[in-house]
Each structure stands twice: as structure tokens, then as C-alpha cells.
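To keep things simple, chains are lettered A, B, C, D and E as they appear, and every chain counts its residues starting from 1.
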């Protein structure tokens, strides 16, 4: 739930890493490419990375899993990361942000885990240098596989561009992962709308509350990400070139569209909650009507029957030969009168039977 | 629904076009005019456009239907459009926006489809160059027919002005299409208000929710459009001249008026929802009153009758010759007493019968 | 209702006038004054105005009624108005605004029609030139009669000041017309508050909704007007002198005070709606209590009577001489026990009878 | 109520004073002090003030009561006040504001009248000159008595500082008057919270609405005052020296704290309204439960009794010697069965009796 | 509660200290450290501090408890604090803020008391000079013990850095104290969610209101603190060096994350309140259904029994030998018919029994 993040204990020294205890051992993967050249290495030991630090080609180091603090500290030292930066990378999840440091730029983003049962939005961190990009994830999410394929095959402009274009490609794909989540929530809302109409059972409301909560999660995670994209676009940085701007701008547009759709879905959710509550009230209303009808008709009749069930010795009507039939007729008249009156007041039949038909304006 | 837009698959290369699968083959139509000269061509092949690229007159190329990717790419190449711009044109619908490029300005707008059953707001894209304007729509909406007529007939200032004036004329007509939609929703609200008063049936609420959703759609689409108009007015651009400013400003005013009216209609919708819920409660209330009246009057009477229906051997009242009539009188008194008490408490008659009359302050 | 404004047809050329069809023929009235000199003319023909265009005195031309398009166009030509300005004047109602043109300043304001049945807020337009002011209203509202009197009588500083002071005097009087409307709505709210307490009948809610809607109308119209006043104060203009600033500032203050009072009234309205709904619920509650009391007391008693009304041959109690009286006593005890229990649970009497008295903290 | 302010009639000339008709005759009181010198005069006639206008010491003129227009105009002339300024002073109440004029600065503030029955927030106006301060109140509120005492006794820095420090001291004391009001409202809220728990009677809601309205009044009055304080701090003024800044800043902090507390109290009020409505619903619910229980148990039993009260000649059970006892047993079983079922469904007893105990997380 | 703060009496002179009456006598504790040198003194008398004022090392004076006004004034004089600053320190609690003075910077922060029963957020004040830091708390909260340990042990960079780093370390630890509070509230929300599902008893709502109020308290206290951190980051100050910036920025990030989580929890609270109210309504609904079922079935049956309990002499059915059995059959048919009808209308069984199973989209 909201606050259930592992925290370093109160008063821990800055720079204390709070690596998630279930984080698997790191898998480090390296791409070194430019134009037609493309090297790919599964790094076993951080020292293997050293030759590439000075490489003039584009170097992409992808670190998945934080289960070995020593290796993370070694990478941080190799690329000269500030202790607080390393904290930001490992004390997941952080708010999305973009921070410019003298030698590199730190970008923190989030993307929904496509394999999670519930809406979970783990963190992905980027260290963008002049000719390298390092990416960090605390588990093996596999977000970046399609881009990896594009680099291998040399398709599109990716091998012709710098690390900022690679950053764009990866950020853009992260946002792509939001859309299926939003779509699923949206479809659930549609389903619920039908259920509310047909069968307003109480679990509909719990489902709506859950969807609302999921939408809030997406919103809380998405807005800072949008701000971080904005910062990438407007803060002058030595690491993001003018060429990458149109791409990043289109990524920002996608994010805005997503956020607007999420807001619209929240609106719909609120509307459905109102509709549900009103339908429940409507059902109670209908049941009430039937009870009123039954009770109001039979209570006087039963009373009449009660009168003539009394055992007084002197009840002249009892001896009349036709009074039984007369009383039956009286009862029938009372019943008919009540029904007519109720129908007149609009409490009967007209309610849900005679739905007015009305076209769309 | 909200998220049901076709998406390129996750991780698609930028520049991948996501043309709607039901988009018909392109109809390309060209105007080339200035002052008294006015040429009109139904373009069969993109190469026909080439002579007009260099034309010193105003050239308006209108493309409706995206069913042929090759032709779209040919047009993009002919006018030197950025790959991301082409994506923006075809991956409909986008948020309305205005983007200045070195050689042209991209404006994306939206307008309600007048032929759609539900509120649908397709995209219209504009490429404004120094002496040309290209417009893109993914289906044959026919939004621009009235302007086409004005160009043909040379009425008004349109043939004396540049492509920015043409842009204004087209944007302005797009906003005109919003008003009938808003008017229809507004009239439906008025109808519903009467229904709520007379017959608060549960489908009223669904209609109100639908109207609210439609208003939200218009609002979500309209606000970015208003911002795009603002950007056209304030961002220095080589393609929008000072002469067109007063016209664009009046278009912006129309948009603001529309948005304010939409907001007022949303307010009314909320008020009607409250009114409906309250009326429902009121109806339940009235029904309750009748039930209470009936039950409260007859329950004691029936009890009295029950007493004298008991078969005890020693019940002295039963032998008295007048006790039957005495008991009937007692029952009558109890009934009258109850009615008087209820009327005193204001639970009877006074409720909906004696509506106080109150003038308007 | 909201969107029911006459609109030029979709795609009409800019400059098309949409004069309201019920607008009466124009009454044109002219003041030409300065210091002790004051000429007043009922203009029959626009050509009569020509001599005053070059007058060095202050010229105030007041046009009421738009029923003659030719005359309006003649005035526009005489004073050199832009076609879009003329559109703004006649396509009523527009949003309030202030627009500076090279030769004059256009101010559009709104004021509640004091003779209208419902809250209606027609438009008044001002063309402020260097030494003239033209005012336009689409019907004979008579807003300006008190100022006219002040000019005639030369009271106060009005004849010593320029056209900007006249503009102030007229704008200020327009805002004066809002206060009676606001006062009337406020008094209605007070009345309703009492009704809600005494007699929460369902039309109270409709009245509250109507008042809320009227307040929203005043608010929607008033905010742009306040912005327009702000623009008059802060935008450097050749037509508004430094001397008029303190006056316009006090007009802006009045407008702000009005808007705040309207917002407070909306707040009160929401509070009353809540109060009403709660009172309704309270009433239902009380009725429920009575029903419950009656039913719960008599249902067991009637059951007991029912037992001894059975016709079994072997019912030993029936033969006991005192069992009838014993059963009556039993019934009485049950009834008393129920009442005591209900009173103990606080469901009886204590409810609305024993209102606690509580002073104001 | 909100709009019930006396207004000059529509179209009154600017400078028309709208003095409240119940304003008592002015009491004018003068302090002239600096360091050890301190003169105090009860001014009978405005001419007495003349010698002090040119005084190099600090002069504080306090005017309470507006019942004599001539005297007010004389003071205005003596100190060279703009006609609109005089209007602002007398047409109470105005929004709080700060306005810089060439020769003086006008500050309008509000403070709750400690002697009023309801929350009333009269206006206090300040005219701050280079070495004088004039204060205006329309009745004898006695807000400033503690400061007067401090001047007389020469305690604290007040006699060493300029008129801006005096202004601060007076503004600060005005804000002090808000706190008892806020405290009273807050205590009432606490009381109501208990009442809601014990005895949700309908007047609780009216009290809550009244408190909410009072809080809104304080808020509406307080926000402009905070803005006016801000303006005093940031607008460069010849009358407020750098030395007074820290004092005014602390006054602004007090005001912000007050406003935040008012907002928190509004929040609490909303929460209590929700709680009240829910408790009412809860009570209805409990009553319903009892009715359901009684009715559901006895209705079938009464039916059984009814069967054996029928007078058919051929009803074999009637002749069986034990059938009476059998039927009684049957009835008992049905009753017990119903109770067991209801208890199983959680409709009985467990509801409000067995409150779960739960500690604070 | 909100307004229950001790206040100096109305009109008190500025500089009057409003020390909480229950504040214990001061415990003054001093650290003087740099690199390897670290002196620690339990100060008995303020004069002991004098030698350290001129110390070139970092001096941290911690004052807990305000029970001795003379000592506080002595410290203020020793370090040259403004009288208003001293007021800010002692008149707890203030809004969090950062104020730059010529010789020092005042920072006021708040942190939840971990030992308090309810959510209480006492004030901690900091005076940051060029080479000293003074901290003030009105009671012995022990917030800073972990940092004290780090200084003693010389762990981490703390002994290598200036007083601004010490300020950061202390501010950061204060924020750490918020998280357990937020976590506790969050866990209570989770518990309540389950209770709402199982057992919507009325105290759930009171708990939710209490949690909401606590969240509001945290929010009201936290936002100004976040602003104060922002001010520390952006306002140019002689006391905060560039080196401390990244640390303070990460503290600000923590605060933002906390505030977002608090907002999310408020959202959840609102959702749970809705859910609770709806569940209550649902329960009422179910009970209503049972009552309706029972009443509607048995009322007609009882009526039939009543008819044949009448004592008319001439009732032909009574003599028929099989009519008793016929009537019993009739009653059975009526009962079955009613049940079938109710089941058809969806009022029976299908309600809560046949929960549809629906997977997660």
C-alpha cells in the first residue's frame, strides 16, 4: 500500500543504500555501437566495463537487479556518480525527475510492470553522459527488449544518433507500457457500466473503488514523469542535443494524452459511482412500492374480515343471508379503489414498465 | 471509449504510421488562387501537385482519407515534412496543438463530426507554409465545403488574403461545428429537467451521465484547441501575418465562449443529478407516508377486532347487546384520532397538495 | 438557455452581422459637451452625426436598437470601425472584453436588465475614441438615464472631464444594476432557509437550483467584466488617461465585491441544498419511527388475539373463567414493555421533542 | 446577510457618502508623541487638529463614529484626501486593501466586533502619512484601547518609532481580535462532534451550517486582508520604512496561520456534516431492523393462528386433542428459526451491541 | 484542537514571549567539532557558551525546554537575535518557514512527536550562522539523538562539513519521523477497508474521519515545510553553501513524496467513506427485501384466513367438506406465485448469493 516502502532506519547516514531485499543479483548488459559497428556483451564483472568508458562510440550499460551492492558501488565509481545519485538509483521507487550534474544527467522514470497482478509501477533510472547511457532497474522487467532488437538489427535512425536519442527511445517505450494498463482499466469501466445497469450488486462499488485507486496510482506516477520530460525539454543541458528535441516533445505529448485519458477515466468512475448509488436507491424504491401496494390493499381488507370474525352475540349483519356476499363485494371494491388511486398517483406500473422512449437530441 | 485508439505496437520505431484501418483511399483536392485567378484540380496522382509547390499564388491542398500510405509519404516528401510531423498527421486523434518548424507550421485541430451518432471529434491537421496550406482528414468529413464555395465565388476577402487567412477561415468553421453539438446537449438538458419534474425514472440519470460524458469529451478536446489558438496568436511565427491576428483573436473568443457554455452546462448537469436524486427520495417519502398512514390506522383496529374474535367462554362484553356497536364506534374514534394526529404532525395532505405559492423575489 | 444564441450559419463570412431579429429600430441620441456648453440631439439620420466627428468637445453617441443594418454600417464607416468590431457590437451577447485598436478602444460590458422576468444580462458596447464615446445596446434598456441627467444638469465633475471619465461613469452605473439582482437572490435564499426549516417541500429544491443557476449566470458574465476592467487599468492605452484611473479602480473594486458576494451566495445555496436533503431524510425518519412503534407494539398483540381465536376443541385456557382478563393484562404488559424498551433506545419522544438548548459558544 | 449593504442609489455621483444611518456622532481623539513627549487631546472641533498637521512629532488622529458628514469632510480637506478615498472610508464595509496615493497611503482592514452577537467584521480604515496616522471606524468599537495604553505609558518601542510602527501595532491588534472568534467556532465544533455521536438531532446540522457560514465570513474578510498585508510588504512605499518590515511580516504570518486554521475548521465542519448524515442513516437502519424483526417473526405466526381460526366444518386438526399444543410448538419453532436465521445474517444484536475494539494503529 | 494555542493577551507588546506553561527547564547541550576534534558539553549556564561564539570550529547548541525565560533571552543576546526571532522560537507552534537575517538564518520546521498518543507535530527551530547552528525545542523530544551519535563517532561526512550540512542532517531526520506516522495511518486505512467489507458498523466512519483529520494535520504542517525547504534551495543565502544543495534537494524530494502519499491516503479515505455509506445502504436494502418478502407473502394469506374466520351464518363454502383443503391449496399457490414473481424481478436470492465472478481486466 501507499506507504509500504522499505525505508532506511530513521537517521541513517546519507548514502545508505536501501536495496530491496528481494532484488535479484545484477545482470549487466552492454551495447557499444555507432553506425555499422555494434558490440554486445553480457558483463560478468564490472571491470569488463572499463575499456568502454573512454569509447568514442555510444555505450549503453543496462543493469537489472540490485542484489550485489559492491557491484553497484563499483559502477558508480567507474562513472563518477555522486553518493546521493546512487541512493536515488537504488532506494526505489522515487518520484520521476531529471537532475543535471556536472558530468552526467540523472533521469528517473517509472513504467507499469506488464507482468504484475495489480498496477505496479517500478522505477527505471537513466544516467546520461556525453557518449554513454546507463540504465538501472531493480528487477528483470524486460522493458527494453524491443529497443535492443532495433539496435541489433540497425533498423531506423537509432544507430546513427547519440545517447540522447537512445534515451528518447527508451523513455518512449516506457510510456508505451502505460497504454495497455489504461486500456484494461477503461474496458473494466465499460463492463461495470453494463453491470450497474443490469445488476447493481455491492461488489461493483468495490471494483469501482479499486479502479479509481489504480487510476490515482497511474496519475501520481505519471505527473512527475511528465514534469521530468518537460525539464528535459526546457532545461539547458550539455547532454541533450537539439536533434533529440522533436522526439522528446512527441514523447511528452504522448504522456499528456495519457494523463488526460486517465483524468477522463476518473471522471467516468465518479459518474459510475453516482449511477450505482442511484440505481441501488431505485431498486429499494421499487421494492418499497410493492410492499406498500400489498400492505395498503390487504390491511383494510383484513380488518373488515376481522370485524366479522368477532364473536358478539348481537351482530345483526351475521344473520342476513346475503351479507357475506355483500362483504366480499365491499372488499373487492376497496381493493379496486386502492389500485386505481395508486395508479393515479403514478406509483404503479408506470414506474419501470412504461419507459418513455427518447431519441438522442 | 477513452483509450480505444489504435496504437503502433509497443516499441515501434518512431515514424511508424498508424493509419486507421478503415480510412478510405485519399481524395486530394487543390485550389490555387489569388485575386481573380482561381484554379481547382481533383488530384489523381501526387506528381500533379509538383507544379504548384513553386507557385506564387496561394495553394490549398486538401487531403481526405489516409488509405494509401505511399501517397501520404509522397506528399510529405514534396513539402519537406519531418517524419514525426507525418506521424502526427496520421496517428489520429492527437491533442490540438501548434508547432513551428523551420519551413512550415503544423496546427492540429479537432471538430465534431456532424454525421456521427455519438459525439465524435475527429482530427483535422494543417500544414501552413509561406504560400500554401495543406489540410489532412482521415475520412471524408466535408467540413470545408462552405469555404470552398466562398473561394470559388470569390466572395469576401478570402481571395485577397494569404494562406494564414485561409487557415483562419478553416479553423473558424471547425469551431462552428461545435455549436450545434453544444446546442443539442443543452436542449436535451432542458428536456430532462422537465422529465425529472414529472417522472423521475431511472433512465434520466443514465441520460444525464451520458450528457456529462459528452460535455467532458467536448471540454477535453476544446481546451487544447483554445491553447493552440492562443499559441498561434502569441508565438512569433513567420507564417502568420499581423493582418490575420484580429481574425484569429475573434476565433479564440468564440472558442472561449464555447468552453464557458460547456462548463455552465456541466454545472447544470450536476444540479439536475442532485435534483433527480432528491426527487426520487421525495417519491419514496410520499409512498412511505401512505404506507405509514394505512398501517398505523388499521393495525390497532385489527387488533381490537382480534380481541373480540377470541373464543374465551367468559368474555362479558360479548353478551352485552350494544357492545358490537360500541366497539365499532371505538374503532371509528381511534381512526379519526390517528388521522387528526398525523395531520397535526404535517404528515398528511399538507405535503404535496398545498404547495405554497411564492413569487420570484 | 445557455446555447440559444442566434448564430450566423456555419461557415458564414466574417463580417456577417447577426442582428437579433427582435431588435427595434435604432434610436440615436447625441451629447456634445464641455464645461458649460452642452448640446443634445435626437439623431434621425446618421449624416447628422458628421459635424460632431471633428468636434473638439466631448461627443457621446448612444445607439439603442439594431433594427436597421444600414444605419449601423454608416456609423461604423463614419468612425472607422473594423468589420470585426462591428460584428462584436451586433452579434450579442459577447463576453465582456477590452480591445485596443489604433483609432479607438472597444469595451464590451454586460448588465442585468432590470425589467426582465428572469436574470438576463444584455450587452452594452463602448467605442472610446480620443474625444468621443459611442455606446451600443440592442434594445431600449435605459441603463444610462441617470448619467444623462447628470450631464444635462452639469452636476459633479462629469462635464469637466474627458470621454474616459464618461466611460467610467457608464461602466459604474452598469455595475450598480447588478446589486439589486444579487440582493433579490440573497433575500430569496433567506426566505428559503426558513421554508426549509418549517416545510421542506420538494419545490424548495427547484427554487434553490434556479437560484444557483442565476448565480452562475451572474458569475459567468461578471468575471470577464472584471478582467476587462483590469485590462482597462493595466494595459497602456492612448484613450484612458491617468486621471480616470482612481475611478476605474473603484469600479473594479465594486465588481470584485459583487463577485465575492455571489460566490458566498453560491456557498450558502449549496449549504441549503444539503440542509434540505437532510431535513427530508429527517422527516422520513420520524415517520418511520411512528410506523415502527405502531407495528412493533400491535403485531405481537394481534398474534396473541389470533391464538385465542383458533377453533381447536381442546384449548384448556378458553374454559378458565379469568383467562380472558389474564390475556388482556398480558397484552397490556407486552405493550408497556415495548414502549419502555423503545424509549430506552431513544427512539421515542426524546427525538424532536426535547431539543437540547445550546447557546452560542 | 451577504448583500444587505446600504448602497448609494443607482447612478449616484462618485463622492456621494453613504454613511450608515445608525452611525453615532464622531468622537475624535488625538495623540501627538515622540520619545518622552506625549500629548493627548479629545478633539471637539476639527479646527483643533490644524496645529498638529505640521507637527514634526507622530500624530495619531482616531475618528470613531461617522454621524457628522461635515466634520468628516473637514478632516478630509485638512489632510488632502481624494474624494474617492473619503468614499472608501465611509461606505463601509469595503474589501481590505492598500492603496498608495501621492501624499498618503490608504489601508482598509477589518476586525471582528467582540461585542457582536453574530460574527460581524466591521471596517477600520487607516490613512498613513509621512508623520501622521488617521484611523476611522463607523462606531465605537474600542479596538485600539490596549495600544493607547502602551502609548500613554511609553512601554515598548512604540514611542521611539514612526507612524508605520503605529500602523503595525494597530493592524496586529486587529488580527488578535480574530482569534477568540476562531476559537469559539472551534469549540462549538468540538461540542457538536460529541452531540453527533450521542444524539444526532436535526438542529445539529443547522448549527454546523451556521458555523460553516461564519467560517466563510471570516475567510472572505481575511483573505483580502492578507493580500493587503502582502501589498504593504512588497509595494515600494514612501510611508512604510524598512524598520517596520519584520513587524509587518510577523503580522502577515499571524494572518496566514489564522486563515489556515479557518480552512482546517471548514474541513472539520464538512466531515461532521458527513458524519451526522451517516449517523442519521444509521439510526434509521437500526429502527428498520427492529421493525423487520418483529414483523418477520409475527407475520407467519399470525397467519398460522388465522388458519385455525377459520370456521370450516371439516377441519380435521381441530378435533385432535393435542393439535393446539402442536401448533403452539410449531409457532415457537418458526419464531426460533427466524431469530437464528437473522442472527446468522448479522442483522441482530451483533450490529451495535458488540462493538469491536480496535486500538490506534 | 485547531485553535487551542496559548496566545499572548490581545494587544500584547511585540517581543512578549508566550512560553508554553508546561515547558520544562532548558537542557542546553553543546557540540564543538571539526574533523577529528569534537567537544561535547552539557551547559549549565549560558555564560559557558561564550567561548564558543568565536570558535572557528562548527558549534551546535541544542536547547530543549523553554522553562526559563532569562536563559533564553541570554542566548538570544549572545547570538544577536532579533526580538521577533525570539518570539518565533518560543511562541510555538509556528508555520514552517525560512527567514534570512543579516547575521543568521532562521528556519522553523515541524516533526511529529513519536511518543504522542495522537498526531502532534511540535516545532523545531534552527538558527544557522556562519559557523554555528542553534536548535530550539520546547520539550525533550529527542529527535536528534541519532545525529548526535554520528557526530560523536565521526561517521560519515558530518564532521568534515559545515553547519549547513548539519542543518540538512537534522532537517532530514525530522522528515524521517513523518514516515512512521503516515505508515500507521495507512495501515489503519487497510484495516478499515476490511472492516467495511465485513461489518460496516458506525464507528468505522468515526475512525475514517479521525484519520482524515490526522492526514489534514500532517498536510497543513507539511506543505509550509516543503516551501521552507524550497526557499532554502532557491533564496541566495550566505549561510547555505553550494555543497549542501544536493543534500537539501534530496530532503525536499522526500518531503514531496511524503505529501503525495498523504494526498493519496486522503483520496483513499474519501473512497472508503463512500464505500461505507454505500454498504450501509446495501444492508438496509437487504433487510428491506426480507421484510417485503415476508409481508407480501403472508399478508394475502392472512387475509384469506380472515375471510373464512368470519361468522356469517350463510357462508356456503364452510359447509363443503373439501373447501378447507382447497383453501390451503389456494394459499400455497399464492405463496408460490409471489416467490416466483419476486425471483423474476431479481429481488430474491440472486442479490447477494450469486456473486458474479469477474477477473481483473
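Just so it is clear, contacts are C-beta pairs under 8 Å (C-beta built on N, C-alpha and C of every residue); 3 or more make two chains touch, one makes a residue touch a chain.
Computed from a predicted model, the values in this text were never measured in an experiment.
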For this session: Identify the chains adjacent to both chain A and chain D in the sense defined at the top.
Result: E
Exercise. What is the Cα-based rotation angle between copies chain A and chain C, on a 0 to 180° scale and rounded to a multiple of 5?
Worked result: 145
For this session: Tell me whether chain C and chain D, two copies of the same sequence, contact each other through the same residue numbers or different ones, using over half shared as the line for same.
Result: different
For this session: Give, as an integer number of Å, the spacing between the C-alpha centres of chain D and chain B.
Result: 41
Exercise. If you average the CA atoms of chain A and of chain B, how far apart do the two points sit, in angstrom?
Worked result: 25
Problem set entry | Touching two or more other chains - residue numbers and ranges from chain D | 185, 187, 281, 284, 288, 291, 295, 299, 302, 306, 309-311, 315
Problem set entry | Touch-based graph of the chains, sorted into line, ring, star, complete or other | ring
Problem set entry | Partner chain D, residues of chain E touching it in the complex | 1-4, 7, 10-11, 13-15, 82, 84, 87-88, 94-95, 97, 99, 117, 184-185, 187-188, 191, 195, 199, 201-203, 205-207, 209, 212-213, 216-217, 220, 273, 276-277, 280-281, 283-284, 286-288, 290-291, 294-295, 298-299, 301-302, 305-306, 308-311, 315, 317-324, 327-328
Problem set entry | chain E residues touching chain A - in the complex, by the definition given at the top | 145-147, 149-150, 155-158, 169, 172-173, 176-177, 179-180, 182-183, 186-187, 189-190, 197, 246-247, 249-250, 253, 256-257, 260-261, 264-265, 267-268, 271-272, 274-275, 278-279, 281-282, 284-285, 288-289, 291-292, 295-296, 299-300, 302-303, 306-307, 309-315, 345-347, 350-352, 355-356, 358, 360-361
